[in-house]
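When the chains are written out, they are named A, B and C in that same order, and each has its own residue count from 1.
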Amino acid sequence: MDNIAGHKSSLSWVVNISVVLLVALWMLPTVGLLVSSFRTADQISTSGWWRALAPSEQNIKIRAKGPDTQVQQGDLFVIEGQLFNETDAEISVWGISSRAIDDFAAGETAELKNGARLTVQADGAYRIEHSEEITGKRGQRIFVTATTPPEFTFDNYDLLLFQGDNTDSMGRAFISTLTVTIPATIIPIVVAAFAAYALAWMDFPGRALLIAFIVGLLVVPLQLALIPLLKLHLSIGIGKGYLGAWLAHTGFGLPLAIYLLRNYMVGLPRDIIENARVDGATEFQIFVKIILPLSFPALASFAIFQFLWTWNDLLVAKVFLIDSTGQTTVMTNRIVELLGTRGGNWEILATAAFVSIAVPLAVFFAMQKYLVRGLLAGSVK
Amino acid sequence: MHSKRFGKTLKVFQIAKECAHPGGVLPWEDDIMFSRYLLGAASAALVAGSASAADLTIFGPWLGPDEAQVQKVIDVFRADTGLDVAYVGSDSFEQQIMIDAEAGSAPNIAIFPQPGLAADMAARGFLTPLAEGTGDWVRDNYAAGQSWVDLGTYADKDGADNLYGFFYKVDVKSLVWYLPENFEDAGYEVPQTMEELKALTDQIVADGETPWCIGLGSGGATGWPATDWVEDMMLRTQSPDVYDQWVKNEISFDDPRVVAAIEEFGAFARKDDYVAGGANAVAATDFRDSPKGIFASPPQCYMHRQASFIPAFFPEGTEVGVDADFFYFPAYAEKDLGAPVLGAGTLWAITNDDPAAHQFIEFLKTPEAHHAWMEQKGFLTPHKGVDPEKFSDPTLRKMNEILLGATTFRFDGSDLMPGGVGAGSFWTGMVDYAGGKDAGAVATEIQNSWDALK
Amino acid sequence: MHPAILGLVTIAIGVGGCVGYFYLSNMVLDHVIFPARGPNAGKNINRANQIRPWLFLFPALFALCLYLAYPVVETLRLSLTDRDAGGAFVGLANYTQMMSEAKFWEAMRNNMLWLIVVPALSTAFGLLAAQLTDRIRWGNLAKSLIFMPMAISFVGAAVIWKLVYDARPAGTDQIGILNAVYIWMTGAEPQTWLTLPFWNSFFLMAVLVWIQTGFAMVILSAALRGIPEETVEAAIVDGAGPMQIFFKIKVPQIKSTIMVVWTTITLVVLKVFDIVFAMTNGQWETQVLANYMYDKLFRSNDWGVGSASAMVIMLLVLPILIWNVRNARQEMR
């Protein structure tokens, strides 16, 4: 079509650039979070992630060593030290009062209140000199404005994933989420497959009505079901827990499963099934040995849908699963908690968010084809 | 003959199957696998049924550094008794505990920050009365013991009063935190009266700096720090009787005296110059993050009004009493209401009866249980039998003295109000107020919600 | 019981149970109740085939009725009772109480706003993305990247966008992109975007649009590809420009797909809970119905009003339900 009209290359340039812009706009937020998860807390709080590769300027307050470390050099009492132990930062200006943090340039000398003299070099080395013994309990506070080189680290991930005792640990939430997701994905498939086959290939009165019923149920918002189902679970003794969550997810996922699978099964070649029937196979055999294998793409589509849906779910987990024993939690809930307790610690928040979306993203990229196919089933008219 | 033809059909579709699912036998096609499968499932079920859970479960509001501290206390119990105790914290404790009690999955012990909520639960029959003699013990061993017994006694489903709550960990709330060195650098003096405090606030603004750091954020409990402000202002502008009437709703929430107290809070929090980040940031900043402004370089603010538990959230390495200190949130010199102190505490109640739970409450009576947290940060106790030397820093000793020596001591009002108000509309109303809503309108809404609960 | 083991056991029981049920019930039907032997063989086979569909359908129907159909009825019933009065029937008292609350109307207003803005923007962006990416060589990669947010949980998206909207005090460096761009472009003070009344709802909507655009794009892209080439070629021959082709020829042909996309996104919008819950929890006038319902249910423990608000959500969804069912039945014929 493009060739016929003799498309100008400039138009295709415009299209390419606009797509680049569109994609960049869509990727920007996620990239921002990803970059942040590799930065240190100080760096995140002082410069935006787009400046991650540039040195960042920070205002730091450091306490010099205390008077108990002073040594006598000749007739001077001296406290010497280094403000930075790990990073090689460069000090531009510094000060000794919270009111004036940029009084002195690097290399200059300040006169302290007790008469001592303090010199701070650009690399963080400092020296306090006094003609008498330095008194006091605590070291002198030094306010520096330093430029630190960009620092990237895996510490955040380490803290979140491997330090099991840590109250921020995500390991348990990960296993817990997996425990909720896998049964909640597998069981609806089994139940729905049989029902879909009946609706697709068996003729019986009321079939059309049932299909309409299921299409209707597709639309019912799950909020409607929360209160009655919680009451039901409480009254029959399931209470809150994994079993309740699995049953709930199964129930909520069935309409979509039946719909997707039925739509696919209807498209299977009629002759194979008819021939099998004529050949004397029972319906059960036909279903197990013919329909199921042939429906694999649809099964895979729904499996991915359901997996993503249950993995990313928050509401069903909060209502049916999470109780106060702490044994049950899901990653989405951990993140909501972290948003509250660590709302200012972007390094933890970003890392936690990424850990939680890593699995769905991996599944998504690996199985995109099936996901798209599932979406398209019944949507394009 | 039938099966032969079926076999042919089968062949045709095997090819089709290969296209759909290349390679491999599907599990349900292999009969031997299938039966082994079922057998394995059955035996796993039998084995798994015998696994055990924790001996004692405790659910509380503490997360993060606070959680680490309570774990150390529970460690002492674990070491003493060898029981397996699980503690879980949640930001939405107030909602979660209700649901769990109804669901029958309540923990053995729940730590309530709010007596009002505990009273609600007792009235619904979800709490177990504490062992006989606990009330007498508290009367004898706690300073102002009778008040602590009163605060923990509620009516059960039939209206009979029982002691349900044991107080462990008390907080003093009328404190303002600051950095003495910063005050020194700037030449400020610690204010002794409310008039001086307001003058200092204006002075700091005039100097081009920001005086206050205020943060209301707290997950599902967002807004509670503002209720503390309002209660403190209430105690400083009205007599304690009016405060008591307000808490019991004997005077309406939109009484002009209450609205005036709300507006006193607004005088600090609603002016963009007076609070770090501007008025809009107040409700958006988490209460655990907001004190950091005092420690920033250059300081983002100079003062932070908050309860005695906040040092747990100060930057690591902060020496309380030296680096960061507090002064009493002063009262008006001209109003002649003395030196009122607002405080609160957490009460530990049994929500799922178990001998281990009663054992734990007994443990909480021992001085060791109190020492375990005294050695950490942000803990106060009315227990008369503890050794004050065990406090981790002198400020806690100072605070404990304030606690024991106040002319007027009142428990946090929102914690005494019924859950729907004290853990609901009062919190959200204050967030609305911080965002610019009219004080009178907010108060009326809260009163309406209180009426709806009756 | 260790939850992982419980999970495996459940899978085993669930799958094994289902398969066992089907196998056994079919066997019982075919060999015991209506054996395909003897004098009544033919009639038996017929009867067996009449009953069989219901065997296949039974577990699914049971689950559906219990988990979706029954709750609708039960919620309706609950909305007419008062929990504190022991479940007594109170008629429409819950509804009147709900409608007298300012928060409820705020939620309704916000939901209306969401319903108008989000499907429209998502569909528009999706259409744009579909059209553009179809014409370039690396279109599939671009589509993947735009579609990617659909795999992320709403809570994850909330965290991502909270970083975008972050505000630091004036004078310090901003770490949120929006504020950085805003200051760079206008030089004004940084805004706390999520607390600005009225506009904060739009900032929340941006998150959902970001997620749903990929969905719209995928579906509309398939639809666009389904347009017969001759109609487009004929238009080009007639001298129509690309814009005219797009709006006057392509869009009308995919109208029904646009409707499907629009209604599906509408359903998602009505259910949106996580985004508002994680980012503002309904504060600063961002309350939506799903969040309001959760609040009533779990904070105020008021199941009556909570159910009433759930019924309101159901009411809003009803038109789509009827439309979908009608379409399905038409397809059947």
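As a working rule, a contact is a pair of C-beta atoms (placed from the backbone, for glycine too) under 8 Å apart; a residue touches a chain by one contact, two chains touch by 3 or more.
Small disclaimer: the values here were computed from a predicted structure and weren't measured.
Visitor: Look at the interfaces A-B and B-C and say which one is made up of more C-beta pairs in contact.
Guide: A-B
Visitor: Closest chain to the overall C-alpha centroid, by per-chain C-alpha centroid: which is it?
Guide: A
Visitor: When the C-alpha atoms of subunit A and subunit C are each averaged to a single point, how far apart are the two points in Å?
Guide: The mean C-alpha positions of subunit A and subunit C differ by 20 Å.
Visitor: For subunit A versus subunit B, what separation do you get between their C-alpha means, in angstrom?
Guide: Once rounded, the distance between the two centres reads 27 Å.
Visitor: Based only on mean CA positions, could you tell me how far subunit B sits from subunit C in angstrom?
Guide: Taking the mean C-alpha position of each chain, the two centres sit 35 Å apart.
Visitor: So which stretches of subunit B touch two or more other chains?
Guide: Residues 28, 99, 220 of subunit B touch two or more partner chains.
Visitor: Could you tell me which residues belong to subunit A and also touch two or more other chains?
Guide: Where subunit A meets two or more other chains at a single residue, that happens at 327, 336, 339.
Visitor: Can you pull out the residues of subunit C that are in contact with at least two other chains?
Guide: Subunit C, residues with two or more chain partners: 6, 19.
Visitor: Which positions of subunit C touch subunit A when the two form their complex?
Guide: Residue list for subunit C touching subunit A: 3-4, 6-7, 10-11, 14-15, 18-19, 22-23, 26, 30, 49-50, 52-54, 56-57, 59-61, 63-64, 66-72, 74-75, 78, 128-129, 132-133, 135-136, 139, 142, 144-156, 158-164, 166, 172-177, 180, 210, 213-215, 218-219, 222-223, 226, 229, 232-233, 236, 242, 256-257, 260-261, 264, 267, 270-271, 273-274, 277-278, 290, 293-294, 297, 303, 306-307, 310-311, 313-314, 317, 320-321, 324-325, 328-329, 332.
Visitor: Can you name the residues of subunit C that touch subunit B in the complex?
Guide: Result: residues 1-2, 5-6, 8-9, 12-13, 16, 19-20, 97, 102, 167, 169-170, 191-192, 194-197, 281, 283-284, 298-301 of subunit C touch subunit B.
Visitor: Of all residues in subunit A, which touch subunit C in the complex?
Guide: 1-2, 4-5, 11-12, 15-16, 18-19, 22-23, 26-30, 32-33, 36, 44-50, 175-176, 178-180, 182-183, 186-187, 190-192, 194-195, 197-199, 202, 204, 207-208, 210-229, 231-232, 242-243, 246-248, 250-252, 254-255, 258, 282-284, 287, 308, 311-315, 327-328, 331-332, 335-336, 339, 346, 349-350, 352-353, 356-357, 360-361, 363-365, 368, 372, 375-376, 379-381
Visitor: So in the complex, which bits of subunit A are touching subunit B?
Guide: Where subunit A meets subunit B, its residues are 59-61, 97-99, 101, 137-138, 141, 143, 167, 230, 233-234, 237, 239-241, 269, 272, 275-276, 278-281, 288-290, 292-297, 322-327, 336-337, 339-344.
Visitor: Which bits of subunit B are touching subunit A when the two form their complex?
Guide: Touching subunit A: residues 2-3, 5-6, 8-10, 12-13, 16-17, 20-21, 26, 28-29, 53-54, 57, 59, 63-64, 67-68, 86-88, 90-91, 96-97, 99-100, 102-107, 110, 179, 181-182, 185-186, 217-220, 285-286, 288-289, 292, 295-299, 319, 322-323 of subunit B.
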